[in-house]
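Both complexes below contain subunit A, partnered by subunit B and then by subunit C.
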Partner chain A sequence: MTNTRGTIRVVLRELGYFFKGAALNIFSWEFLTVLIPLVALWELLPQLGVVPRTLIPPPSDVIVTAWDLFVHQGFIHDIINSMGKFFLGLGIAIVTAIPLGILMGWNIAIRKRTLSLFQLLAPIPPPAWVPITIILFGIGLPMQTFLIFIGAFYPILFNTYQAVKDTDSRYLASARMFGASEFTLIVRVYFWHALGALIMSVKTGVAMGLVMLVIAEMYGGRTGIGFVLNEAKDYFQIPKMMVCMITLGGIGWFLIEVLKFIELKLAVWKGGAR
Partner chain B sequence: MVKQLLASTLVLVVALTACGSDTVGTSTSEGAPLTVGTGGGYLSATLYAADEALAAQGTPIDLQEFRSHADVGYALLSNTVDVGFVEAEKLAALAALDGFEQLTVAGKVTYPYGATVVVRKDLDVRLQELDGLVIAASAPTCKLLDRFAEDAERLGASLDHVTYEYLTFDAMLPALEAGVIDAAVIKGSYMSLALHEGHTVLYQSWDVEPGDECCPAIIDQAELVLLVQRDREDAAQPLLEALDATQKLSPDELRQAVVTSTTLSFDTLQGQPVPEFSRADDELVALFVEAAEDHDD
Partner chain C sequence: MIEAHNVTKFFSVVNEDRTADGATALLSVSLTIEDGTIVSLLGPSGCGKSTFLEILGGLQEPTEGCVYIDGKTVLEPLPATRREMIRYRRRHWFLSPLANSLFRNRPKHDIAMIFQDYAVFPWMTVLQNVTFALKLRGVKRGERKRIAREYLRKVGLADSLRKYPSQLSGGMRQRLALARALSVQPRIILMDEPFAAVDALTRERLQDDLLRLWDETGITIVLVTHDTDEALYLSDEVVIFSPSPGVVRNRFSVDLARPRRRTDPELLVLKERITSLFRYDIIHESEYSI
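After this line comes the complex of A and B, so read on.
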């Protein structure tokens, strides 16, 4: 009972730190001096007729549309649906790209057999995978998940591989001196050395995954932020498009804040570089 | 403090420059070829034929194919195309946006309405086997659905256990492709696309007159509307004349123009009605806006 209470207290305390840190990042004095004038200009220019209001709706119009979308049109279900696909695709990318990247960075034999293949495939722009993905998976969740996966996979793989490959040889030599096995080297030296770069690579993966989420939701299914965004685009509903764009931006920002927090907790030596 | 304010100002200037609107667009110069935007497909048959004719006359147009006719609407508003075809059903929404006043209606493309039932490519079913499947229709009471239901009953097919999904025509083919539905009752102009995607036409009747809430009579006015930048009306005249001239072409000549310009095959198009171009004016916009307002009420 005491343990449970203690755990809850720790979780709440950490959540508090997280939200405080995230809020401080966005509401910092420096950023507010940029954000507030930008939003004010965005509101004023269409209101004063300097830019066409129907083409560039001011934030007040976007807020009204957002209210309607969330309260009357069940937009939250679209967000949940999109996030389900997104985390599935990103999760698969993380659990495949990180071990593979570590193995490629650790072992030259594995590297020589795989690196050229990935270097050949990586430059293919993720949207170019759409037709072949539709042929392979049809249209639906597997195809959408694969597209998000392919968007996030390569940034994570290459950053992990590079970071592991660049591990300081003195750390390895020291560990070997103490009789560390290759497995111990991987989990105790390579992984921790690469952690900062690895989290950075997941941040890039999040951004690429969100891009691919919108593309994936253009095909098949009738739910999700990407679907709503595309439908709004096709019917010239610009405020609705903006709500979707801001939502995607907000999700991306939140996830990056989460990753920064994880980095701060795990890669403490990188804390000062935030 | 001064340093911080300077930094913020610099970032603001950069941000504003990055967000800088280009809505004025790049108006085409007088001597340049007419830029024409289209969403492509079978409905652009008359445009493809006119394009070939103009190229043969030595006055080619710059044909820009967009992913959808809605994208053509944005290109017209930003003045990056001189002329463009947009879907008639979206005309009212487009007309509500700033910049539409610089456009004028020059013509329309019509296509027989028709009731068509397409079945998903991986299903091999007959009319009598539709019962129990999921079929998309545009509304519970729709002339297309009524027509199909009447004919199905006459042919001894029961639809008692069909589950209906009500979707827009735009959403039906993607839903079919996704396997969300088994069949769809589409209007005629979507048939070539359905066939091109490999689905099967199970039923078809061109004997349908629009004129109810789901298929308003206004739809009979046009499938696509040709919009022209007001300051390029004179430059658009040769194109309009070439489009008029397509009325004299045989259906096979129009189908051949589509085959030449797209990946659609002649076999897919054979037997289907062909789209027709005719002149129209701004009154068409008023009709569509009125229809949209009635629908909203």
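After this line comes the complex of A and C, so read on.
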């Protein structure tokens, strides 16, 4: 009983650290001196008629539309729907690309047999996969998941492989002298040495995955942020488009902050004093 | 006992104008190191002494010749003929012969190695670094912490068990490396310029610590250094290497009882002889290079 309560307390404390850190990261006093005038300018220029209000709606209009979207049109369901697909695609990319990257970085025999294949496939821009994916999977969840997976897979794979390959040979030598098996080396040396780059690669994967999420939903979908965005274009609802864009930006920023926090927690040794 | 028979190491290199070339790092080095002694390999940089140490430890294979530790071969040289090479490649296509087994932790020889730049794992705490080494040597879970604490106390790191190496000074990191190497109770410790990266005062203290621990355990120590004072103060025998190609130039026994004084006249006489040897090498370089 005390144990669960202790765990809850630790989780709450860490969550507190996370949100405080994330908020401080972006809303510093120095940045607010830039942000507030910018928003004020955005509000004032359309209001004063310097730019047409129909094309560039001021933030007040955007907030009103956002309220309407979230309260009356169930936009939150679109967000949850999009995030579900996104995490499915990103998750599949992470659980395939990271082990594969580690294997490729670890062993030259595996690397020689696989790297060229990925180097040939990776330059294909992920949006170019859209038509064939629609034909193969139809329109729906599998197609959208696959597109997000394709976007996130290559950056994660290549960064992981490169980081594992560049593992400092001194660490390997010293572990080998003590008799470490190759499996132990992977789990206790290669992985930890590459950890920073691994998280960096997932950050890139998040960015690419969001790109592919929007593309997938625009081309084939009946729900999701990308669909709402595309629909708003058809009805010329510029404030609605802005709400979608800001939401996407916010999601990306939040996920990067989460990854930064994970890095901070896992790579304690880099912080020095603690 | 470590026996090296005609160890030769040849590197292929690519020149600046992109022509292939070779460099002989070691040429026919034969050496016998008795149990329980401290032997220094001394020479200017680039004379192949570090390469020789890595061959002793089995981290590189010799091009020719062989190293035996207690009669067991450390690493075979690579095959010379094309046909043998093809067969060899087929046998080792997945794991290189330098690699250890795939799943089971098992040291090939009872050796520990200490590197110049510590090579302690920065992602493990001081205690974890030592317990990890013990785990690799198959020490039971319950014993690991006790042994690790014991050896960390011996090198004076008992208060920093939970710290990470980045929070330690250079001398402390080298102490940690020393504790880690000693904790697995090896019969031989190979040291590659262990005290080169710390300041002079710390170096003298570390040398004294090393001698004290050697006295307690009676292991064999092979020490690579370019510091003549260090070699003479620590070792029973000093082996002089000379560069391009790396050959054993000379061997000096230091038959002084320990504890020695750093300013002992006999050490100074030996030092004078060694430095004059190096000076001679520099002046008559052409006669000694092949």
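One rule holds in what follows: the second predicted complex is superposed on the first by the 266 of 274 C-alpha atoms of A that agree within 3 Å, B and C clash if a C-alpha of one lies under 4 Å from a C-alpha of the other, contacts with A are read in each partner's own complex, and residues count from 1 in each chain.
One rule holds in what follows: a residue touches a chain if its C-beta (ideal position, glycine included) is under 8 Å from a C-beta of that chain, and two chains touch if they have at least 3 such contacts.
Quantities reported herein were computed from a predicted structural model and do not represent experimental measurements.
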{"item": "Simultaneous placement of subunit C and subunit B on subunit A, clash or fit", "value": "fit"}
{"item": "First, second, both or neither for A:Gly140, with subunit B first and subunit C second", "value": "first"}
{"item": "Partner chain(s) touched by A:Pro59 [first = subunit B, second = subunit C, both, neither]", "value": "neither"}
{"item": "Subunit B versus subunit C as contact partner of A:Ala109, first or second or both or neither", "value": "second"}
{"item": "Subunit B versus subunit C as contact partner of A:Leu38, first or second or both or neither", "value": "first"}
{"item": "Vertex subunit A, arms to subunit B and subunit C (CA centres, degrees, nearest 10)", "value": "150"}
{"item": "Nearest-approach distance, in Å, of subunit C Cα atoms to those of subunit B in the combined model", "value": "32"}
{"item": "Touching both subunit C and subunit B, counted on subunit A across the two superposed complexes", "value": "none"}
{"item": "Interfacial residue positions of subunit C with respect to subunit A in the complex", "value": "54, 57, 59, 93-96, 98-108, 111-113, 115, 117, 119-124, 132-133, 136-137, 164-167, 184"}
{"item": "Partner subunit A, residues of subunit B touching it in the complex", "value": "4-5, 7-8, 11-12, 15-16, 21, 23, 68, 70, 73, 77, 90, 93-94, 96-99, 167, 170-171, 174-175, 177-180"}
{"item": "Contact footprint of subunit C on subunit A as seen in their complex", "value": "107-109, 170-171, 173-185, 188-189, 192-193, 195, 267-270, 272-273"}
{"item": "Of subunit A, residues touching subunit B in the complex", "value": "29-30, 33-34, 37-38, 41, 51-56, 134, 138-140, 219-222, 233-238"}
